[in-house]
Amino acid sequence: MIRPGADDWRFKLHEIIYETHTPAGKAFDVSLLIAIFASITVVMLDSVASIHQHYGGLFHITEWVFTVLFTIEYILRLICIRRPIKYVISPLGIIDFVALIPSYLSILFIGAQSLLVFRALRLLRVFRIFKLGQFLTEINFLTQALKNSFRKISIFLLTVLTITVILGSIMYLVEQRENGFSNIPESIYWAIVTITTVGYGDISPITPLGKFVASVVMLIGYAIIAVPTGILTHDIAIAASKKKELQEACPSCGREGHESDAMFCKFCGSSLFR
Amino acid sequence: MIRPGADDWRFKLHEIIYETHTPAGKAFDVSLLIAIFASITVVMLDSVASIHQHYGGLFHITEWVFTVLFTIEYILRLICIRRPIKYVISPLGIIDFVALIPSYLSILFIGAQSLLVFRALRLLRVFRIFKLGQFLTEINFLTQALKNSFRKISIFLLTVLTITVILGSIMYLVEQRENGFSNIPESIYWAIVTITTVGYGDISPITPLGKFVASVVMLIGYAIIAVPTGILTHDIAIAASKKKELQEACPSCGREGHESDAMFCKFCGSSLFR
Amino acid sequence: MIRPGADDWRFKLHEIIYETHTPAGKAFDVSLLIAIFASITVVMLDSVASIHQHYGGLFHITEWVFTVLFTIEYILRLICIRRPIKYVISPLGIIDFVALIPSYLSILFIGAQSLLVFRALRLLRVFRIFKLGQFLTEINFLTQALKNSFRKISIFLLTVLTITVILGSIMYLVEQRENGFSNIPESIYWAIVTITTVGYGDISPITPLGKFVASVVMLIGYAIIAVPTGILTHDIAIAASKKKELQEACPSCGREGHESDAMFCKFCGSSLFR
Amino acid sequence: MIRPGADDWRFKLHEIIYETHTPAGKAFDVSLLIAIFASITVVMLDSVASIHQHYGGLFHITEWVFTVLFTIEYILRLICIRRPIKYVISPLGIIDFVALIPSYLSILFIGAQSLLVFRALRLLRVFRIFKLGQFLTEINFLTQALKNSFRKISIFLLTVLTITVILGSIMYLVEQRENGFSNIPESIYWAIVTITTVGYGDISPITPLGKFVASVVMLIGYAIIAVPTGILTHDIAIAASKKKELQEACPSCGREGHESDAMFCKFCGSSLFR
């Protein structure tokens, strides 16, 4: 436990690093976000061969600077939190760690540096900026709607996957293992590309029967894209009506959640007199 | 009819194989699903040439093991049900049979084994797991909405098909039987690929007029994708409001439309006593 | 005007050809639809080179049989209607005529037969089958919603077109007239292919800046596809609520159109007592 | 300030150029729109090499005619407005200026004429025609709904971008810098092409693992396209209900929510007297 007094600096540090309601906390979050953006930009540019040739050395130094900065940040996070283990095994803690190790591994193993791309995962911290301000209501609202939809959309995706496995297998028979449909996993990949209306065209049917089956797959994909949309639209409306209810309160019992056309409190039976 | 006593084992077997409310029934359903997944995975991997070369023999044996298992399951299903014919001619019964025969046919005809891909159809049993638990409400809800939408979405798909036939025929004239638009069915296939926004690019217009017609097709497709979504969203809202309404009615004034957490009628103020 | 007596057969013919409520009228509509389907199938198959080689002669005869049949139908339609000119200049009348002439033109001009593809337009008569039965409610409902949305979706498509002209022009500058972006109309075609998420890939950006602009176009397209859907979903809900209102009527003044939570008639003020 | 009398012509000119309620104002707006369309058509056609060869000279003259016309328009706009600077730095003012300069720059610099494509931006004036008439309600309604959705759709697009950066980076590792995934920005471009379901196919995965990751990206894209639609559909419904509510309130009981055709309050039965 953090006692006031001796560990006062740890308490203050915790407020800066983990909280956002103080000016110092806000400043820390914003600077961290800028550092993450900068570090990812460096990794990105370094991956382009022509840029690497000219600035490879500079990028190498910059990457180490960011690695050192993020290492200090990681150690500070460990020091100022009450239960460091909980942070280490949390999703954000694992991402923070994974973003650090590639640089250190690159001393031991050549090529480990390419794992630096995982630093992109730190971008997920971008959603913390919503905690800083006026986006809070919208993000809560959307998250609520998505949570409610999650199960239904999972069932939908499972159905889509089942359909693609079946249609992919049939297509493997129809196109006779040629024309890119060389095996069943490949055919299923094609079915996913088609049903989601992505349509790369790297694999496409050649035979008339194959084209007919493909047309059926496309029309199915075109019709069922309505399903997740319908589900989510409904759950957004539900989440919105729940949010609305919070604004009304019974003058007698003070309970909330009445519908807009209610004339009597549904909990205590007294008039709402709105 | 199954009499208790002599056919007691048949009754128990029926409960295990066809029902899901007993622990044994649940266990059977889950193991069957795992067996189906495993058998399809084997068929899939066997279709990949490089894997077939190394493990072809092993896969051959595994496929026969699954065939024997599924044959036993099929026979048990026939024995323990009152009207075996009804099961045999039911969709699931036909799928179960179709999943068995390719292995036996492969003894007589070389190549019949490739029909094993139809085993993927057994994946449809995956939807039985929803009967096992908490997905039941969601699946009923979605099925209801889809049933209500079915007719309207059929009309929509018929309209889309009519449009593609007309636009495909026009495109066949415009692109002068070249550039992949070699005949009308081919042009209709292109129109379906385009209007569903899949866009493989295996056939695409070359002439300026063809590109203009294609642009019109794309914009139509972009605008009318709204139709099935609008239909389904509405029917989901209807299905949801019906689900809600079924739970409530005021005993005093008889008015309906109370929320699930209401204790007093919002119209007359008397207790709902639910 | 058709007088009863002398022109009795014309009146009966009118009922058969233009109406659907008599058994003979239904039978005529269904046979006509089958004939249209058959004639289009013949035109389609004839366009496939390999099939044309074998059955070209047969198809030629069949096409003339259908032409004669449709000519008789066209003449009968002219005879039994009161104002033949009104039918001739109506959309369906023009389509019926356009479906006839290619065969006759082919006697004079070689190649005119290829215009037979316009026979596909007769497929639009398929929507008459909805008049035959239970689809009537759904089709009216959808047509109403689409009519209400028409203006808003037109504005949307105009906006999309403006965006594609601007983005296509910019892309023409960015990709420096190479890589398929050889002129502005071509670039606008690419912008339409991209913003509608069709994505043929026949023209795709090569330069880094071009790829950046393309990404922006795609994200715009991905976000604004929501607009027509949102519009239509709303108008379907409106059309549905209007349909619902028709079911309720005031016991005093008999006027309809009351909302589901109304207790007093909004037209005469007397209690609805529902 | 514009005084009446001496500057009467400036006042009248202002009414013609900036307003639409007078016949002269309407005529000016329509002619301007036609001129813009014509000038853009000329720029477009001139960009097509084969047309440029034949009519290049004619187009050159036409472009200068439009440039002079638009210059006169620009000067008149500056003269008749009270605060010319405000117009110059307004978005429409900048677009009007940018549409002029390329022609004048082309005297000094060869090739500057290609910047004429920016004249397409003037197409944005097309939305002024909605001010002329009956589209006003619809455009206000849509704009309101889009404004309400803007923040939520921004969060959505930010989330999509974060996902594409992460998935693009992972794909860069998986496909081992070959097959078109030569650097991270390129891989992110691929991820955007895939998640928006555009799917050019210029870059597509080759390795089995790459195809698996791509399938996941596609299914994510297929599921999350529901999000902006759901958001916008909800905000359109909100905007519609607000539009409706503004028209009504019972003078007796003060309750709102009456339909536009109501003459008596549906809650207390007294006349609405609207």
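First chain written, first letter: the chains are A, B, C and D, and each begins at residue 1.
Basically, a residue touches a chain if its C-beta (ideal position, glycine included) is under 8 Å from a C-beta of that chain, and two chains touch if they have at least 3 such contacts.
What you are looking at is a predicted structure, and each value in this text was computed from that prediction instead of being measured.
Remark: rotation between chain A and chain B after Cα superposition is 90° (nearest 5). Farthest chain from chain C (centres taken as the mean of C-alpha atoms): A. Residues touching across the chain C and chain D pair largely diverge in numbering: under half of the numbers involved belong to both copies. Of the chain pairs A-C, B-D or A-B, the one whose interface repeats that of A-D, sharing more than half of its contact pairs by residue number, is A-B. Centre-to-centre, using mean CA coordinates, chain B is 29 Å away from chain C. Separation between the centroids of chain B and chain D, computed from CA atoms only, is 41 Å.
Shown for chain B are the residues that touch two or more other chains, namely 156, 185, 197-201, 225, 229, 231, 233, 237, 267. Per the touch definition, chain A reaches chain B in the complex via residues 151-152, 155-156, 158-159, 162, 165-166, 168-170, 172-173, 177, 182-185, 188, 194, 197-201, 204, 208, 211-212, 214-215, 218-219, 221-223, 225-227, 229-231, 233-234, 237-238, 257-259, 261-271. Every residue of chain B that touches chain A in the complex is listed here, in rising order: 40, 43-44, 47-49, 114-115, 117-118, 120-121, 123-124, 126-127, 130, 135, 138-139, 141-142, 145-146, 153, 156-157, 160-161, 185-186, 189, 192-193, 195-202, 225, 228-229, 231-233, 235-237, 240, 258-259, 261-272.
Of all residues in chain A, only 197-201, 229, 233, 261 touch chain C in the complex they form.
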